[in-house]
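Naming follows writing order (A, B, C and D), and every chain is counted from residue 1.
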Amino acid sequence: MIHNAVPTTWYLILSAILFGLGVAGFIYRRNIITVFMSIELMLNAVNLTFVTFSYELKQVDGHIFSFFVMVVAAAEAAVGLAIILTVFKNRHTLMIDDISSMKY
Amino acid sequence: MYSLWLIPIFPFLGFLVNGLFGRRFSKPLVNLFAVGSVALAFLWVVKTLLGLGALETKYVEHYFTWIQSGNLNISIDFAVDRLTAVMLMVVTGVGLLIHIYSIGYMAHEGGYYRFFAYLNLFMFFMLVLVLAQNFLLLFVGWEGVGLCSYLLIGFYFLEQYATNAGNKAFIVNRIGDFGFSLAIFLIVRQFGSLDFTKVFTAAGTMPVEAGVGILTTISLLLLVGATGKSAQIPLYVWLPDAMAGPTPVSALIHAATMVTAGVYMIARSAALFTHAPIAMDTVAVIGLATAFFAATIGLAQTDIKKVFAYSTVSQLGYMFLGAGVGAFSAGIFHLMTHAFFKALLFLGAGAVIHGLHGEQDLQQMGGLWKHMKITAITLLCASFAISGFPFTSGFFSKDAILVGAYARAPWMYWVGVLTAGMTAFYVFRAWFLAFTGEYRGHAHPHESPLVMTGPLMLLALLSLGGGFINIPHWLEPMFAEAPENPTLAWISAGVGILGIALAYLFYVARPKLADSFAKSMGGLYTLIYNKYFVDEIYNATVVEPMVNGSRVVLWRGVDAGLIDGIVNGVGKESRGLGRVLRLLQSGNIRSYAAWIVLGSVAVLLFIGLMGGAR
Amino acid sequence: MNFLILSLIKAAIVAFVLLTALAYLQWIERKVIAHIQLRVGPYRVGPHGLLQPLADVVKLITKEGVIPSHVNKLFYIMAPWMAVVLALISIAVIPFGPEITIGPVTTWMQLTDLNMGILFVLAISSVGVYGVALGGWASNNKYSLLGGLRSSAQMISYELPLGLAIAAPLLLANTLSFREMVNYQSGYWLGFIPRWNVIPEILGFVVFLIAGFAETNRVPFDLPEAENELVAGFHTEYSSMKFAAFFMAEYANMVTVTAVATLLFLGGWHPPFPEPYSDVIPILVFALSGLIALYHGLHPARRMDKFTLPAVGLLFLGIAAIFGLSLFVPTLKAILMALFWFCGKIGILLFLFIWVRATLPRFRYDQLMRFAWIFLFPLSMLNLFVTSLVVALTSK
Amino acid sequence: MTALIFFIFAGIAVFCGVSLVVQKHPIASALSLIGVMGSLAVLYLQLGGEFIAAAQMIVYAGAIMVLFVFVIMLLNAGAEGTSLEGSPFAKYLGIFLLAAFLGLISFIIQAMLPARPGVVFGEWRGGTALEIGRKLFTAYLLPFEVTSVLILIAILGAIVLARKEI
């Protein structure tokens, strides 16, 4: 029997799972674009938390925070992808392990 | 609102424009901004003062809070009262004339725009100093003019002596500023405010027994600051060297305005000083000693600017004397007239130097009357004024001081009179050496252009007639009324005339007499010719021990041994530690991220174990 | 449960009508272009080629679906269906008419209403690009890839002026719901000028239409499928139903864009004339066309016309009669009038789409981008700015 | 109904999230991310955030991800190689860490948040465009303006970075 109401904690746990997946993607993946997308996944997970708390507190502020997160993500995507393009143009690779000339 | 802030802002804008873009401007454009901004400031001063009228009470404009810390509230306030009004007129008026004059004087110099930018910056800081309504803002102006003074003394920075002179001025002033800042700290501690009105009211209502100690300390520390800025014993040594700068600078900064800031500051703080009799006496004695001492040195100098420089020190001593004996209004009066005639003296000297292509030595002059009549006449006016010749400006102001001194202690009066005689002697000695007799130099003297002689003539008029501006009467509501005593005035005037006569005797009527006199006074002459060896004494007693001590103890011992040892040791240990930690620094972003995850797991574990973040 | 059944019925009706309309839209397009180019167009299948769409459907379904060996299979198959699904979803929030009562049931002529229906359409259309982009990429073919790339760049670029052009009427009406937007446009200025947004927002309307052309990849913005440079762009490698899906998506998008334009700017289902006159117009239109068809049927130019044209004429006269009848049945009248005016406006706009396709040449790619960013975007910004200024000044 | 929708879309989100991590090809990852975003948008709707749901679709799925897909297609990025450097030990440690992280945070969330009546669709609908607009242009006006400046800077940065000369 499924209750009609979903506890807010479930949303939070879903958000945690997505965030964890984002972290895992960030750590395991080697393609810089995928790494970037993992970051977006983490941002999305955080947004879900904001919206959930907004519901919990019956205040709209959480929505506004996630709105700002989206805007910043858009700016970040624009600049980040431009950087990736430049890197690819110069290095002909997208694997972050190969871009290591600043390593030591 | 009279928008007082506009007054300093005009020169500041001039500074910005010339300083930032002046390199690309033509000279007329630089002139336009530099002189125009000062002219605007002058006009704004005139408009403001006309609008404010009699200024029975202080007019204050509050702009914004600058520093808010605990109970201490320091704001950017400008204020105008009668004292400020006088200073404003002197600074902007004389400043404007000197700016105009500089167009001619600096015409062939390099760094033209730089010179005017500095000069405008100086005007800005000087006006801030004068307009300030609290000690800290005054201090800002005070340091600012010091900075400009340093920059302008070292204007010919390719010459070693100029940079040395600049450094000397700056370093010596540090000593004075140190005293001044200590005084400010004490004032904050004692009164909890730096606002003039609040501090002076509080000082006035203080019980005498409780207040006299702290007030004396504050006043003496302020005096230290004033001696630095206004070149009094023992910190006067920088001023003669400061003549390394261009002559208009000497006229504006080191004669008419900046060096009088100390006098202004003491007059401004009169409420503190009058409650500290010991400090007052100290001011008077220092002033008198400086006046006398510098006058004696002036007797034997051969560099025309040096003569006037020592004369400036001496005259500043007079002003201190006036302030010290309680005749503040007389001191400010003398400040004003001195600004006129001493600016004129320097500008005249500048015209002579300019006409002789840079020659400054009086021995290389003579007979210039034929070549530069306007300069000669205007300089003569100034000389009469500084000698206290009857009905010239110096006569009124100097005698007001001397009469005040007599009221305090007659011996001060007599020393002052003697100094006045010497003043008249050495000034006219310089004039006679320069303009009479035969030409002894090699350059081809010529008269200066109108842009230089114009300000000279205006200043000459002011030097002669400036005494009829009754400053003491104007300042009466602020300071105690100055006593009057015509007999004493005539005595000092007579001594002055005597001095002029002696100078005529020695350098015109019987030129041989001077040399033989110098020979007969051999030791004394050498002593004063070398300025009492003060620089050498300072070198031996202060500078050398300081340098040696710094080198041996501070540098070799403390710095190289202790501090470097600590720093190097820390570095060495860090490197050792880093060698271990480097193993973590794999350069692999993902491993870093993994560490972050590990850390957050640890934090979460901690939160979980502690039972939550509530 | 009532709600569920009602929704299902409505969905079934809309789906049937829409899919048929999409199929016939293609027939109409071919016919119109043919006539503009002085040809007759499809003619063989059925009278005047009327059964051509049916034949096409049969052909596309029964054809062998070729999947080239070098493609990325999953995405290759996914892309066309993604495109068509996303294109059809938007219809769900589009209202076709006012609230009606049939017997015991009172409902809106709309699948569902959202408070932010307009945002919903924007959201879905912004995702719509994936079908084309993915299809182009998954084909693993340089022409297709270029087509997909162009499509995504074009969609992103033109979405800005589109969104800004939509924002201006939103400001005027102060709502995000299509219903309220249409209600706002009811009534007449001075008794005869319809209060449609197109009158104050003529600039926004033009920008919206141009951007709409680009969003649906129609000529002159059909760069992604430019035959002469990219073979067929993103659908080069597609055949049979997958190809048909792309086609359907394109036509569905056209319908959506024109419907949104109608709702936002052209007053939705509100007639352009005040009440008593507007009732007569549909009757006149249908009766007149019926009579013309009858006349030509009696004077046939071709052999078949003897039978087909009178049939069509009678059909039209019948429709005119139904409209006339509806004047006395309020329920029917509400449905028919709204449908007539709404579909009429959409039809006119669709005709414009086809007309433009037959008339204008294609942009060059850099011109396309420059046009969006240098001209259209500032124009829509200006429009939005002026509108918001006016709204701010006139509102209390 | 609410619970059913939650489970369906939470399932899709998690599935797509896992797919994002394990897919070898960036395009597949990108599509998975779009799936996550879409299902999150539905969940937002469920939580009463209709505006934020639309924004999620328009901004995230419709603009940002199109950009990603565009760049992937432009660079024609191929599938990532399978060989991971480093020891397998690190891999297992990572999985263990992730599990520990999730377990802990779930525990903390479950144990520490006060029990509240759950989410029912339609109970609170404060996230309308009206409400968000009102708040955004009053209380959050300064952040809003700052964000617009940020966007401007990002545009400039992207243009400068993407120039040919660098």
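Of note:
Throughout what follows, a contact is a pair of C-beta atoms (placed from the backbone, for glycine too) under 8 Å apart; a residue touches a chain by one contact, two chains touch by 3 or more.
Keep in mind it's a predicted model, so treat the numbers as computed, not measured.
Centre-to-centre spacing of subunit A and subunit D amounts to 5 Å, using the average Cα coordinate of each chain. A straight line joining the Cα centres of subunit A and subunit C is 37 Å long. Inter-chain spacing, taken between the CA centroids of subunit B and subunit C, is 85 Å. Taking the mean of the C-alpha atoms as each chain's centre, subunit B and subunit D sit 67 Å apart. Contact with two or more other chains is made by residues 51, 63, 67, 74, 94, 98, 101, 105 of subunit D. Across the assembly, subunit B contributes 588, 594, 597 as residues in contact with two or more other chains.
Under the stated contact rule, the graph of chain-to-chain touches falls outside the line, ring, star and complete shapes. Under the touch rule stated earlier, the contacting chain pairs are A-B, A-D, B-D, C-D. Per the touch definition, subunit A reaches subunit D in the complex via residues 2-14, 16-18, 20-25, 27-31, 33-34, 36-38, 40-41, 44, 47-48, 51-52, 54-56, 58-61, 63-64, 66-68, 70-79, 81-86, 88-89, 94-95, 97. Within the complex formed with subunit A, the residues of subunit B that make contact are 587-590, 593-594, 597. Contact residues on subunit D toward subunit C in their complex (touch as defined above): 27-28, 31, 34, 38, 41, 50-51, 54, 57-58, 61-63, 66-67, 69-70, 73-74, 76, 128-129. Across the interface of their complex, subunit D is touched by residues 588, 591, 594, 597-598, 600-601, 604-605, 607-608, 612-614 of subunit B. Remark: subunit C residues 72, 75, 114-116, 119-120, 122-124, 126-127, 129-130, 133-134, 136-137, 145, 148-149, 152-153, 155-156, 159, 163, 176 touch subunit D in the complex.
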